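Labels A, B, C and D are assigned to the chains in the order they are written; within every chain, residues are numbered from 1.
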C-alpha cells in the first residue's frame, strides 16, 4: 500500500506544462489552436461525490455550461480535454483516476473542484488512512475551485480561469463579491 | 416480447460458451459515481454481477470515533449528500435521545418540512439521472430546474445548497421566515403541475414503459434477504416506511400514504418514487398549515455534549430507505462507536442476484432504479 | 451546364464535400442549440455571435488533439475506419437532385446507388469498433451491424412499394412526378396508394435506425457503452465519426424529401427551387433532433423485434397490397 | 388482437404527447442566468468562507482571540493568534489564518463565537490556478483589503 502510494506520488512530480513539446512552433497557429482549445473544453464525466451533483447543476439549465461550449461531457477519457475532479479521491480510487488522467490525450487540463479534491477537505484528520490529501499529489492541477461544495457559478468561474490560462487573456468581466 | 433469459443450468447444458468479464466502472456513466461492477457476460447477457465497492470510502464511522459530538455535525450530510436533511435528522435525534432533550414543536415541524423538501429534491435528481441512464437527456434538465427551486428555498434558510448543516442538538440553528413559507407554498403548487408534465412526458411514454415493465424484478423475499429498504422494498409490494412503523418527529400528525406496488419491477420502483413526491408535497402542505409559533431551540441544551454511557439507536426514512445510527457512548465528549446503517449499501447488495440473466441494458436500468449514492454505500 | 462531364463531376463533388463539411459542423451547432431550447437554456452563446464560432473552435480543438493508436489496436483498420465512414455519405450526395439542374450525376439507377453506398457506413463502424479492441466498442459494433441489417430490409421494401407506383429509379424523375403543389407529393397521394402515409412513417423510423439516432442510438449508447464504437477514438478520428453521423442524417433526410416530400417543388405549386429542398431537408433534420431530445433509448432486442416482427411484415403487406391495387386498376 | 391494436394506438399517442410536451418547452423562455454578465442574488444567510467583522463604533476587529472557533472547528482549519495591546484589558487578534481548502462550511465557528466577530462572506465564485490562495487565507489582511474598497 505504502509503496503503491509512493509510486503514484512520484509520478506527479514530473508535473506542470502538460503540453507535448515540439521542435517547430508557429506562433499564430498556436494562438488559433489555443483559442479553439479554450472555447471547446469537453469535460470527462467523472463524478466522485457531493460536488458531482453541483457539477451536474452547472450543466443544467439554470447555469448552463453550454454557453462556453463546455457542456459536451464525454464518458470516454480519450475524447475529454478537461478532467473535473469533483469529489473526494481516496487511495483505492487513486489508481483508477491516475489511469484516467493518463488515458486522456494531450493537451489536457485538470480542475480540482471542491475542497476534497484540492486538499482532502474535511476528511483530513491526524491518522486518517483513506483520503488522498489533494489530487495535485497524483497529477498536475491547473485550476482550484474551493468550496464544500462550490456553487455552480464557481465551476463556471473555474472554466473561465482555465480559458485564461490557455489563451492568456480573459474575455469575461470579473464578478465582484462582498 | 422479452427474450428467454439463460439461466445457469441452460448455460452449462449448452456447448462450451465463451464468456468474458466486462468491467463497468469505477468511472462509467451508468454507475453514478465510483462503483465498479464486474459483469461476467455471455454475449449481452449478464451471467454474474459482482459489485466492487470502496472507491468512495471516506471514513465517516472512524471520524465519528475521533471527534466530539458537535464536530461530527458536518459529516452526516456528506454521507448521502442527496438526502442530507434526513441524515442530519437521524444524527441529532440519536444524540437528543441520549441526552433526553425535548425539541420545541416549531423546530420539529420545520425539520419535517425541510426533510420532505429534501426528499423531493433527492427523488428529482434520481429521476433525472435514471432517465439519463435510459438515454433521455431532457427530463434531467427539467428535474434540475425544479430542484433549483427547492435549493433556493433551502439555501435561504440554511446557507448552503447541498450539504446542509442546519439541525442542531435541541433544534435548529436558525428559524425560517415568512418568505420561506410563502415560497414553499408556491413550490407545492408549482410542483403538482410539473408532476403532471413528467407523467405526460415520461411515465406514459411507450418506450419507457417497455423498458421498465417486467424488467429487473425484485421480490419481497430478495429484499428481506439483503435488507433492502425504502422505495426498493416498497416497489416489491411491502408498505414499509419508518415514518409509519416507528414514527419519529411529528410525522404521526400528518396524513399521508405509503405508496407501494406489488410488481417489483423497475416500473414499480419508478412509480413509488414519483408517488412519494406527491405524498411529500401533501406532508409539506399540512406542516405549513399547522406550523406553530415558538422557539426553534430547546432551552436546556448542555454546552458540552456528554451523553450518559449507553447504547442508543435511531432510524429515519431517508430518500433511499431506512437510515439508522447506533451510538455507543462511554460518557465522554467523543462517541465510543458510531455505527451507520445506510440504505444504499443494502440496496446495492441485492444487485448481484437480481441482475443475473438480464441483458446488460436491462441490468443497468435495474442499477439505476435502485437509486444508489456511492459515498452512502462506502461511507 | 457547359462544363465537360468529368470536370463537372469533380466540381460537384468538391461542392458536395463543402456542403457536407458545413452541414456537419453547423448541424452540430444546430443540434446543441435545439437541444438547449428544448431544455430551456440558450446553448452555446459566448463563442462568437450566438455561438456561431463554436463548431470552428471544436474543429480546431479536435485537429490539435493528439491521435493515438493504442498498441493492441489494429493499426491499419483503426486509422482507416474514420475515413471509411465519411466517404459513402459523400458518394450518396452525388446523385441527389437538390434542384432542377443541381445534381452531380443524374442517372437512372440513382436510388440504387444511394442505398448501396448507404450500407457501407455500417461496415466502417464495425471496422472502427472491432479495430479498437475494446469490449465496449466490439459490443457496440455488433449491435450496429445487426441493427442496420435489420432496418435495411423494411426500408427497401418501402422504397420498392413506392417504385411500383412511380415506375422509375431516377431520383430526378421521381421529383418531377411530384410537381405542382403539396397534393402531388407522394406523401399525400392516397388515391394512388392509400398506404402512402404509413410508408412514410416506416421510412422515417428506418431512417432513424439507419443513422443510429435516438431512440435507436445503439452505436453510441453513452450511458451503457461509454462511447460505443468510438470509445478509443480521439481528436479528428472521433471528429470524422461525428461528422459522418450528421452527413448520414442529411442523406437520409434528402432521400426522404425526394421520395415523399416533392424534392425541390414548392408546396403551393409555384416557384420551385433548391430553396424548398433545403427547407424540407432541414425540417426533417429538426424533427430528427426533436425525437432525440424527447425519447429515451429503446432496448436492443425490442429494436430488432420492431423491425423483424412489425416493420418487415408491414412492409411486405404494403408491397403486396400495392401490387394488387396496380393489377386490379 | 383488439387489445394489441389498442395498445399500439395508445403507445403512438403517448409518443405524440411526449413530443408535444417538449415542443411546448421549446417555445418557452430559457431559465438561464448568464453568469459572468448577470448574477443571482445570494440569500442573506449564504455561507461563503468566514471573515472577521469590525465593530461599528470603534472600527476595530471584534475578535478577542479567545480561540473558541479554533477549538470547535471539526477540520482544524482555523489558527488564531492574539495579544494584549498595552493599556487594554482584553486581547485583540493579531493573526487569523483560515485553511479554506479543509473547511466544510458548517458554521460552527460563527455560532460559537462569543462576540459575534465572525461572519460568512458572500464570495461564492472563487477559482484560482494557485492552491496557496486558499490554503492559508489571512483574514486580517482580507478585512483590511475589504476596508480599502
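Operating definition for what follows: a contact is a pair of C-beta atoms (placed from the backbone, for glycine too) under 8 Å apart; a residue touches a chain by one contact, two chains touch by 3 or more.
Predicted, not measured: the structure shown is a model, and the values here were computed from it.
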Task: Which of A-D and B-D has more C-beta contact pairs - done: A-D
Open item on the list: Nearest whole angstrom, what separates the Cα centre of chain B from the Cα centre of chain D?
Closed with: 25
Task: Where chain A and chain D are represented by their mean Cα positions, the distance between them in whole Å - done: 21
Task: Separation of chain C from chain D, taking each centre as the mean of its C-alpha atoms, in whole Å - done: 49
Open item on the list: Report the inter-centroid distance (CA atoms only) between chain A and chain B in whole Å.
Closed with: 29
TODO: Give me the residues of chain D that touch two or more other chains.
DONE: 15, 18, 21-22, 25, 30-32, 34, 74, 104-105
- [ ] Could you list which residues of chain C touch at least two other chains?
- [x] 36, 38-42, 45, 222-223, 226, 293-295
- [ ] Please set out, as single numbers or ranges, the residues of chain B touching at least two other chains.
- [x] 28-29, 67, 74-75, 78, 138, 141-142, 145, 163, 201-202, 205, 207
TODO: With chains as vertices and touches as edges, which is it: line, ring, star, complete or other?
DONE: complete
- [ ] Name, in rising order, each residue of chain C that touches chain A in their complex.
- [x] 32, 36, 39-47, 51, 53-54, 56-61, 63-68, 222-223, 226-227, 230-235, 238
Task: Complex interface listing, chain D residues touching chain B - done: 10-12, 14-15, 17-18, 21-22, 25, 31, 43-47, 72-74, 104-108, 111, 120
Open item on the list: Considering only the defined contacts, which chain B positions touch chain D in the complex?
Closed with: 67, 70-75, 78, 138, 142, 145, 152, 155-160, 163, 165, 173-174, 197, 200-202, 204-207, 209
Open item on the list: Quick check: in the complex, which residue numbers of chain B touch chain C?
Closed with: 1-3, 20, 22, 28-30, 44, 131-138, 141-142, 145, 201-202, 205, 207-208, 210-211, 359-362, 364
Task: Residues on chain A engaged by chain B in the complex (per definition of touch) - done: 44-50, 52-54, 56-57, 60-62, 75, 77, 87-88, 90, 92-93, 96-97, 100, 122-123, 125, 127-131, 148-149, 151
